[in-house]
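Heads up, the next two complexes both have chain A, just with different partners, chain B and then chain C.
Here is the complex of A and B:
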């Protein structure tokens, strides 16, 4: 490269870099805020903001650059998902097949609660036979405690022993 | 030579385990005591054989015999001695040998201790115990042999060294605790299956195994707590629990075991839910195997690494066999396990325990689902996904809240039935007092997260209710003229399980206090500082004074920053976060430095991935409020478990009497 061309090239690069320099520099906290919810495919289960490997540093530099270009968190996430697949997200995207990761536990708890309630109720009803008497238990039913608890009476009983 | 002897000991132990299974089965079939006794003796013999094998492996590690592949993989010449010893469980093959050793120890102890009082279950207990041991010994003997020679025949000059993450004093104690918990939890299963197969389904097996469960559970809890502390001290990300699959793998069996420890009380008191208790014991065992499988096979990372790993498919096969085996016997004895007793009220202790079990199962299923979902997704869509902390926090958070509230409210209920009115009366004042506490947090401390306020309210209610339980007992005793302190200790001595349990509850509530504080109010910032520059977070200000670099033990290169710390303008000393580079493997570690107070931790990491010049460095600062309450709660938790699990003098007398009776009976038969 001849000297004048080199100078021209340097000047041009400087001009191109100017808009980025003119903005407020992106802080580490801003980078981490985005990195926190991302996972690189190599360091499984280590969020990007705390991962010490070189690969993750490169990703953070990428985030910093894109933040400097004014991209939003969603856009940056989208960028990584397009390149590396949905595994970079902290939780599966809520679309398509992956919805079941959320739907199943919710459905499980709701259906479970209903079944559990029915089961308890059933157990209770079975305990009452046709005459309306409570079915015989192997152990005698303690007398209903008046104001003090069964607990105190037990402590007292222990003391008398 | 030493390696050959070690391998011979493993092979012999395997053969003895197979013999024990055959002899106990034959003894049970022929109803011949001599075979059963022989099976017992061989079960007990496995322990010294494995002690020998483990001792020899440790010897090889200490000698640095790199002709042995395992020694080459996990140790190096310059490693400190204690790490050479703990390298026994620092890799796959050695870890499995150690697993076997602890399993043999638990099994031998359980068989000897219950030989007299569980005589009828013994043939089957020996058989089931041997089945587990055979599988794990088979892995060590034929798949992951820690004594195998290095391939190629060229002896390397030095080993690769232990994984840097494991070169921490916490690693001495954390894995053995988890292993003890895991292997110990096979004992209740052994007796439960023995009861199912023999058909002796009365309550004796459950009484026998209750304490074994508690002891194993103590170790597993200790392992979980220590694991959290280790992560906090070594992993350098400001937290202690990340819902990592490996963490989940030990948490899931813990959940099943905890559910069992609660529901077993219904069986003891009311002779109900016997099928359910069997299911929980079996589930706990299967989840222990599954947990070991998750850690060992790498299945979560990728379905492909599972197919390639030698142990993965074997674990899967064993898990399938044991599931079918357990399910078969459970279904066969189903009718014999049914109870004539019925639930009489929805406001009863029984119902409260059932609700507890329901919520525990909810947490278990959600955690299991989240841990395994990446496999499911990969199988069905071919796409890997990550299920990270947000999922677990959102799903398990509310369930934990319910458990914490139940912890306080459930003890108010009585067996058979109690009235909603009475429970409401007992709840009224603690609920109002806790509301006042939440109000103070809201108005005076500016706590405005509804999740945190609700959490703190629940913790306060349950804490007050639990303390009131103690107070009720103490007051009753004091009325009889006992001094407060002796009233408390007599109360606890009289019913150690109950009050040990309450201490455990207090421990969990204190931990919850710390978890809520550090989860909702953690502050953090990251900044690049020049020498002499300062940054502040909360009431702390820290000034960067410089970095010094020096070689550490082994191949370690350490860079240590010096930071002057002031709290509210008052100097409180120096913090020295460091980065450690293992030059051979190139693996970096960031070791935090922290200032702990009862209110919060000021936790600093030198972020080592930026180039550290001598006068400039990047730091990450965390303010973790209330985090020390997590560890304090952990201590209370363990204290409570010890109270509940400590051998009972009365039980000891019964056992000794049974032993004496057998000796008296046995004497003429053996003619001595």
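Here is the complex of A and C:
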């Protein structure tokens, strides 16, 4: 075989082989990897990869089809959001009012830490003086009432006897 | 000497008082912060609860407006997009359905035959495909020979507005744009005829 003919033959073989490579079937694992981050509104709280309803089966077929077309996970998620709304996402998008979901726990931890620090600081100042001894309460101890004083004297007297 | 001691004592007392004031200030601020946070959280949850409990449009209230992007071949007056407002002055039968919904198949033929009966009498049937893939929706429409305007519920916006809880659900909207009745589950011939006749007579 002459060289140009050989090159032409090789090129044609390659072109014929390409569709076969492109049409490699999408596996269930690949579909489920995308599906597990999506929720169908019909069956709330059940991730798409394990949801047994027909609606979810249809969605998985849609994912399989789009994966076969070479779309990325992000592109498929975007398609589902545009078509069915952002509530299909397992994780709400970090924008607009949804940001509160992400900011609230962080704010809670920071505020809690500050308050706990203030509380500890307050305890330390109240409980220990500069020399490290336990401070006396600044409030004056009220003198025992007269009848109580008499009662204590009697008890002490009887104990001595 | 005595004056010096007195001055030192005064300074100490002032420092202690200043420290105490700072402590009280920070504690007061922390209390305000905590209560502010609690009130904000309660307000947020209250708002969420109110929204969650908001029901579907009641009879006699204005039907929420929406925009539809019709499926190819299922347009209204050859328009690709239309809103409910565009249909004011006509009786609208708004039906939510899905290709995966078994109950929807029960009413599909009836909806189509009733549409054919009233299409020239100022009645519009609108089908909204809820949580359905386009391919399956079109196959379903073809299977039942449906010809009335149909559109996907893009972004689930229409179903959110009408607070539907499943499919099929049908809303009857009068010429004045108000909801006159609502049917949960498949419609039957008698109720469909009665509703349309009543609304046409208004």
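Assume the second predicted complex is superposed on the first by the 106 of 161 C-alpha atoms of A that agree within 3 Å, B and C clash if a C-alpha of one lies under 4 Å from a C-alpha of the other, contacts with A are read in each partner's own complex, and residues count from 1 in each chain.
Simple rule for what comes next: a residue touches a chain if its C-beta (ideal position, glycine included) is under 8 Å from a C-beta of that chain, and two chains touch if they have at least 3 such contacts.
Predicted model only: the values in this text are computed from it and were never measured.
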Considering only the touch criterion stated at the top, classify A:62 as touching first (chain B), second (chain C), both, or neither.
second
Given the superposition on chain A, which partner contacts more residues in chain A: chain B or chain C?
B
Please work out whether A:48 is in contact with chain B alone, chain C alone, both, or neither, and reply first, second, both or neither.
neither
Contacts for A:76 in the overlay, against chain B (first) and chain C (second): which applies, first, second, both or neither?
neither
Tell me which partner A:90 touches in the superposition: chain B (first), chain C (second), both or neither.
first
Quick check on the superposed pair: does A:40 touch chain B, chain C, both, or neither? Answer first, second, both or neither.
second
Under the contact rule defined above, give the chain A residues that sit at the interface with chain B and also at the interface with chain C.
41, 53-54, 57, 85, 87, 108, 121
For chain A, which residues count as touching chain B in their complex?
27-29, 32, 37, 39, 41, 44-47, 50, 52-54, 56-57, 85-93, 96-98, 101-102, 104-105, 108-109, 112-113, 116, 120-121, 123-124, 126-127, 134-139, 141-142, 145, 149-152, 155-156, 158-159
For chain A, which residues are in contact with chain C within the complex?
40-42, 53-55, 57-59, 61-62, 81-85, 87, 100, 108, 111, 114-115, 118, 121-122, 125
Using the touch definition up top, name the residues of chain B that touch chain A in the complex.
236-238, 242, 244-245, 270-271, 300-301, 340-346, 351, 354-355, 358, 361-362, 365-366, 369-370, 373-374, 377, 380-381, 383-391, 395, 399, 414-416, 472-473, 476-477, 480, 491, 494, 524-528, 588-590, 607-610, 618, 620
What residues on chain C touch chain A, complex-wise?
19, 23, 26-27, 30, 33-34, 37, 44, 98-100, 131-133, 135-136, 152, 154-157, 160, 166
